[in-house]
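After this come two complexes, each holding chain A, first together with chain B and then together with chain C.
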Partner chain A sequence: MTAAIGLPTGPPPKKFKLRAPKFALAVPAIVWYIFLFVIPVGLVIVNSFGSKLQGTPGKVDLSAPSLDRYREVVDGDFSDVLVQTMKTSLLGTLLCLLISLPIAYYLAFKTSSRAKVVVLALLMVPFFTNYLLRTLSWQIVLQPKGFVSNFLQDTHWFTFGQALRDTPIKILKTRTAVQIAIVYNYLPLMIFPLWVALDRVELHLREASKDLGAGRVATFVRVTLPLAMPGIVAGLVLVFVPLSGDYVTAELLGGVKGNMVGRAVADQYFRSQDAASGSAIAVSLIISILVILGVLAAVFWCVRRILAVNRRVTVVSI
Partner chain B sequence: MKRRSRSSSDVPRILISQQAAQRLAESISRRRFLAMSGGVAATAALAACGSDEKKSSATTSADTTAATSGSSTAESTAATTASTAASGNFDKKINMFTWAEYDDPDLLKSWGDISLTIFNSNEEAVQKLVQGGGSSGFDMVVPTGPYIPQLASADLLLELDKTKIPNFANLDAAYANQTWDPNNKYSVCKNWGTTGWIYDTTIVKTEIKTWSDFIAAAQGDASGQTSVLDTAPNLCGMYFWANGIDWTTEKKEDLDACEEFLVNEFAQHLSAFDSYPGINLTQGNYALSMVWNGDARQGLLGVEAAGDDPDQYKWGLGAPQTELWMDNWCILKEAKNVDASYDFINFILDPKNSITDLNFHGYNTGIKGVEELAGDVEFKDMIFFTEAQVATFKPGAVNSAQDRLVDIYSKVKAKAGG
Partner chain C sequence: MTAVAPRPPTALTRLRGRLARGVLPAWAAIVIVFLFTPIIFLVAMSFNDFKTIFNWTKFSTHWWGEMLDNTTMVDAVQTSIEVAIISTIIAVILGTLSGIALARKPGRWTVGFVAIVLLILVTPEIVDGAGQLSWFVKLGGVFREGITPIVLVHTVFSSAVVTLIVRARVSGIDARLEEAAADLFAPPTKAFFQITLPLVMPAVLSGAMLSFTLSLDNVVATSFVSPAGNTTFPNYVFGLSGGVIRPEVAAMSTVFIGITLASIAIVALVLRRQGQSGTEIATTFTGN
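Then we have the complex of A and B:
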């Protein structure tokens, strides 16, 4: 306790002061973290070494821990589901990025502040609708006897696609359906961080770039984009991670062809009553996500490193 | 903060005052710090919730998907003739765990407030109830017969007090006292049904008469447009029925052959595992589906209602053998609304209500004289079967093969998606 300037100095009042340690504020977060993350995930990891207790619904036999469940994941057909899921997630994340970038750019630089409110509100509106319902609506849109399919068959605009005219679209219950809906569902998660990142790129810097002779493209590529890079990375992670674990979209739109790991896990738990296999698949998913993120981070780091050599600016003081 | 002061000539240099240089350097590092910490925080947060989000959504979303509920304002204009269960005051309110499209919503509303949560297979229902450990919040569950011992041994079911269900006497004795629940200790028959197929005749050109034809069509005309029921016994049952093997077989060689065939020769032709292909018949998702008779009937009614031609689709009863299943009303031990549950079971066993419900779900409710009472119900041949047909219906069993069946089913599912 040091005396601050302007305050009377003297012995502190004798009143006993109860002082909680500073980390007290973090206690709710720590409790949340331990009970809702560390313990459940720990249990999942433990269960993944067990095996199904035969004849019981969902009990795990841990008497002889082994890596057999992981072997089944790697050797069996689940590895295909895992690979497919990762492909879907990476492609989905990339599509989200490509679609979001122009939108975020438009929002950050090309709209008046009033229009910005409107556009942001429009982007938020889908969030007011339940995730499940938004996904279900794709069932209506994509069904072979739905209005899109009927429209495409009735109008003869698509002269190139004879087949398209004569047969209903068969997208529902395929991976394509899952891919489309997943991009749609996670798009806002990409747009917002991108917008924030681009918005933070100060106009002065872009002006300076132009003053110094850079064209529009050069300014975007060499100034705006590098400055927004942290936001882009955040957006990529924000979309990629939950997308990889998505369950609802695959459940509602995927059929068997558009299966995702999240649904495979749920299937193991609830339909197959096999918590051990489900846990092993879940852990495999977590590992896959971490590996992919690690690889991406390494690639990013290398690219930055290489670029940095050519972009180095020395600030010299006089 | 890193300040690079290399003086090699290829590095561009900016010449500014010392004050400005400091501010510029600071502002750059501050922005980088903010951006980085933002990114890191978001990453950490997501990495954390990515994995448990998956679990929580798995437990919640699926079973609430089709949850509908009778409006709470519905007055109880219950037309129960027989005197309802003794005890006087209770809310007419039940949380029920059941199959989709399984009860007439208007009928439920006329009784009281029933909120429905849907499951797709018995395995799923049992798993969720057992996992809930008696605190799933449901009052009633509607399992298929052979799964009742599993639930009972987990101490989840309430022993029924038949004096509270006077209308139990209306049930045909043929559907009481089944092997899996002697003396109806825990359950009362809701209805029974069987399994067959429905196909779109514009796509499947050859007539399907047996399960072998079904498999051939799935591998042929309907490849990639075929759905099967989302339950392990039905999937494997298809193979057993087609090959004249008892579908309750516990023989290893039968199960091996079944796995071999389904995983390697059948899985790749599937489009979906769907327990309710009938309800969504109007969507036109499948050319061929394995389907329960009542669901198929509801589908054809839906096609009619949508103004399409139901003759485009053809229903067939599984042959040479097929399934006989019976779903049952059970009250859970944990039930909060026990009296209401008894009252509801009594209500639904009233012949008048039973027939109303039958009209909706299209399954035989096992009430005495049900066929005459049903009168001119649409697609009657999909509800009531001849004695010769019934003779080909085989009840299922939960036996030592159960785990293996589920294992085969998982493998087929994984293979089909690969």
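Then we have the complex of A and C:
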């Protein structure tokens, strides 16, 4: 723009335009992420091809890069741990989804706005309570002489004079303990995204569905669920991924039987001081996660295609 | 909300409606009880008389008195709070700037940047932590001393979260407001501080609260990079696991949980004052 016409004289706005690239404001963040995320994750990948430099605390010898560490992962006990971890994670994510869905549905469609705020506030307490402390609390609850165990042994009134068990229950240091605590730990992370996803499905589309004769269930399955799907998938991924890498829960509650990959990685770093093997396990973990997500995405896509064939009404979201 | 046109009620639909009204709230109540149970046990055990949190004997408050005598634990809490404050400041500055840039200056760079942000959010923390440890060992010096490495790793995830929250907020603000400021001869810095920043403030505030609580919550990455003698409260407790845990730890945990909840309550109140609904606040707070 050239000089203003008849406006009070003043410095033209152009003068203040900085000749900076578009991403100038993001430069500090870019530098930060490269320094603290890209390089470290790159190092994990690079280190996984090396070997432990004997006699050093955790240094990696990269002079002869090889796939030996991966071979050890595949041949050794780690592959069992990896499979076990993926089972625990998939089951955990599925349980989180099944437990969360009714709550999210209730919050999105069946509450008064006052009740909704109360329930959300209540759900936020565990969501923001320290994750390590919550896991530690399960140690208290699941103790052999703890609450659950005693309850099952003492409830004579509940089972017609018979105790449900005679002996203390052994849940702690088993896979069951890890599974329970993992579902517990990641449940709030699932409820909120599901609720938001359902909440964003517009009321008039659901009403239209009901006006056209669909019942509750049909409306939910054929209108609400497909529209909320992107949010639900995001919730699933955001629970499944950190859950698979969890190491605190296994460390606190798993004992020997309830091992998980995350803990195996930590063991390599802290106990064996072997960053190369630790890195190889970490990379294997990421690869497993990606493979599972890929397979699920493919299955999901196929199901949608099959369903789309006999769907007579297509809902177009704008 | 407007109701769906009612159908003539039959006994069956009435029963179904009652079930729907009864079953869903009951399920919500069960899940909430499940979510609260362990926390309540932890808090209750701080009032245990015996020397461990795993066997209840009788009620006593003496551990609450002895809590402050455990200097290692008090130091750890202090470290936690220092780390949380510093990392929050850094995360908020980085995240706010890049969030504004994402919303206002989109271009080819955004694709790569958003990809990194999303990768940060989905990479298992154990991988970050392991890599950061190797990297800090290579760098040495200040990266292996004091609270610096802990602060640095805490900023990564939280600044990514702040970026997304701020970007969402800025996208919802009319860009013409800022253009008007420029037309009225406000220099860019003045336009930023007087127009843009006040408008994005709710997002910045929520982001700051999330960064603060994420930092207090962090265990995994911290356990990798903590230098000897410097640790946060959760990692102090983590280090005790497997041994005897005295009720003073439960007492301090209660205080710690209280600090976290107080910080979210304060921010929620401030946002409420600014006219946001409870639902909006919950949506932002949970990172959606």
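Criterion: the second predicted complex is superposed on the first by the 280 of 318 C-alpha atoms of A that agree within 3 Å, B and C clash if a C-alpha of one lies under 4 Å from a C-alpha of the other, contacts with A are read in each partner's own complex, and residues count from 1 in each chain.
One rule holds for everything that comes next: a residue touches a chain if its C-beta (ideal position, glycine included) is under 8 Å from a C-beta of that chain, and two chains touch if they have at least 3 such contacts.
Here the structure is a predicted model, which is why all the values come from computation and not from measurement.
Novice: Would you check which partner chain A:187 touches, where first means chain B only, second means chain C only, and both and neither mean what they say?
Specialist: A:187: touches chain C, not chain B.
Novice: So which one touches more of the residues on chain A, chain B or chain C?
Specialist: Comparing chain B with chain C, the partner touching more chain A residues is C.
Novice: Is A:43 in contact with chain B, with chain C, with both, or with neither (first, second, both, neither)?
Specialist: It touches chain C, and chain B stays clear.
Novice: Does the superposition put A:23 against chain B (first), chain C (second), both, or neither?
Specialist: Only chain C; A:23 stays clear of chain B.
Novice: Looking at the overlay, does A:128 come into contact with chain B only (first), chain C only (second), both, or neither?
Specialist: Once the two structures are laid over each other on A, A:128 reaches chain C alone.
Novice: For A:33, using the defined touch cut-off, is the partner it touches chain B, chain C, both, or neither? Pick first, second, both or neither.
Specialist: both
Novice: Once the structures are superposed on A, label A:258 by its partner contacts, choosing first (chain B), second (chain C), both or neither.
Specialist: first
Novice: In the overlaid three-chain picture, which partner chain does A:105 touch, first (chain B) or second (chain C), both, or neither?
Specialist: second
Novice: Need the overlap of the two footprints on chain A, from chain B and from chain C, as residue ranges.
Specialist: 33, 36-37, 40-41, 44, 58, 132, 139, 143, 145-146, 193, 237-238, 241-242, 244-245, 247-248, 251-252, 262, 265-266, 269, 282, 285-286, 289
Novice: Quick one: which bits of chain B touch chain A in the complex? Just the residue numbers, please.
Specialist: My answer: residues 3-7, 11-18, 21-22, 24-25, 31-32, 35-36, 38-39, 42-43, 46-55, 57-58, 61-62, 64-65, 120-121, 123-124, 126-128, 130-131, 150, 154, 225, 227, 230-232, 267, 270-274, 282-285, 400, 402-403, 406-407, 409-411, 413-418.
Novice: Tell me, which parts of chain C touch chain A in their complex?
Specialist: Checking each residue of chain C against chain A gives 1-2, 4-5, 16, 20-21, 23-25, 27-28, 31-32, 34-39, 41-42, 45, 53-55, 93-95, 97-98, 100-102, 105-107, 109-110, 113, 116-117, 119-128, 130-135, 137-138, 152-153, 155-156, 159-160, 163, 182-183, 185, 187-188, 213, 216-217, 219-220, 223-224, 234-235, 237-238, 241, 245, 253, 256-257, 260-261, 264, 277-279, 282-283, 285-288.
Novice: Which residues of chain A touch chain B in the complex?
Specialist: Of all residues in chain A, those touching chain B are 33, 36-37, 40-41, 44, 52, 54-55, 57-58, 76-78, 80-81, 84, 132, 139, 143-146, 168, 170, 172-173, 193, 197, 200, 227, 230-231, 233-234, 237-238, 241-242, 244-248, 251-252, 254-259, 262, 264-274, 277, 282, 285-286, 289-290, 293, 312-318.
Novice: Over in the complex, which chain A residues touch chain C? Could you list them?
Specialist: 10-11, 13, 16-18, 22-26, 28-30, 32-33, 36-44, 47, 58-60, 99, 102-103, 105-107, 110, 113, 116-117, 119-134, 136-141, 143, 145-147, 184, 187-188, 191-193, 196, 199, 203, 207, 210-211, 216, 237-238, 241-242, 244-245, 247-248, 251-252, 262, 265-266, 269, 275, 278-279, 282, 285-286, 289
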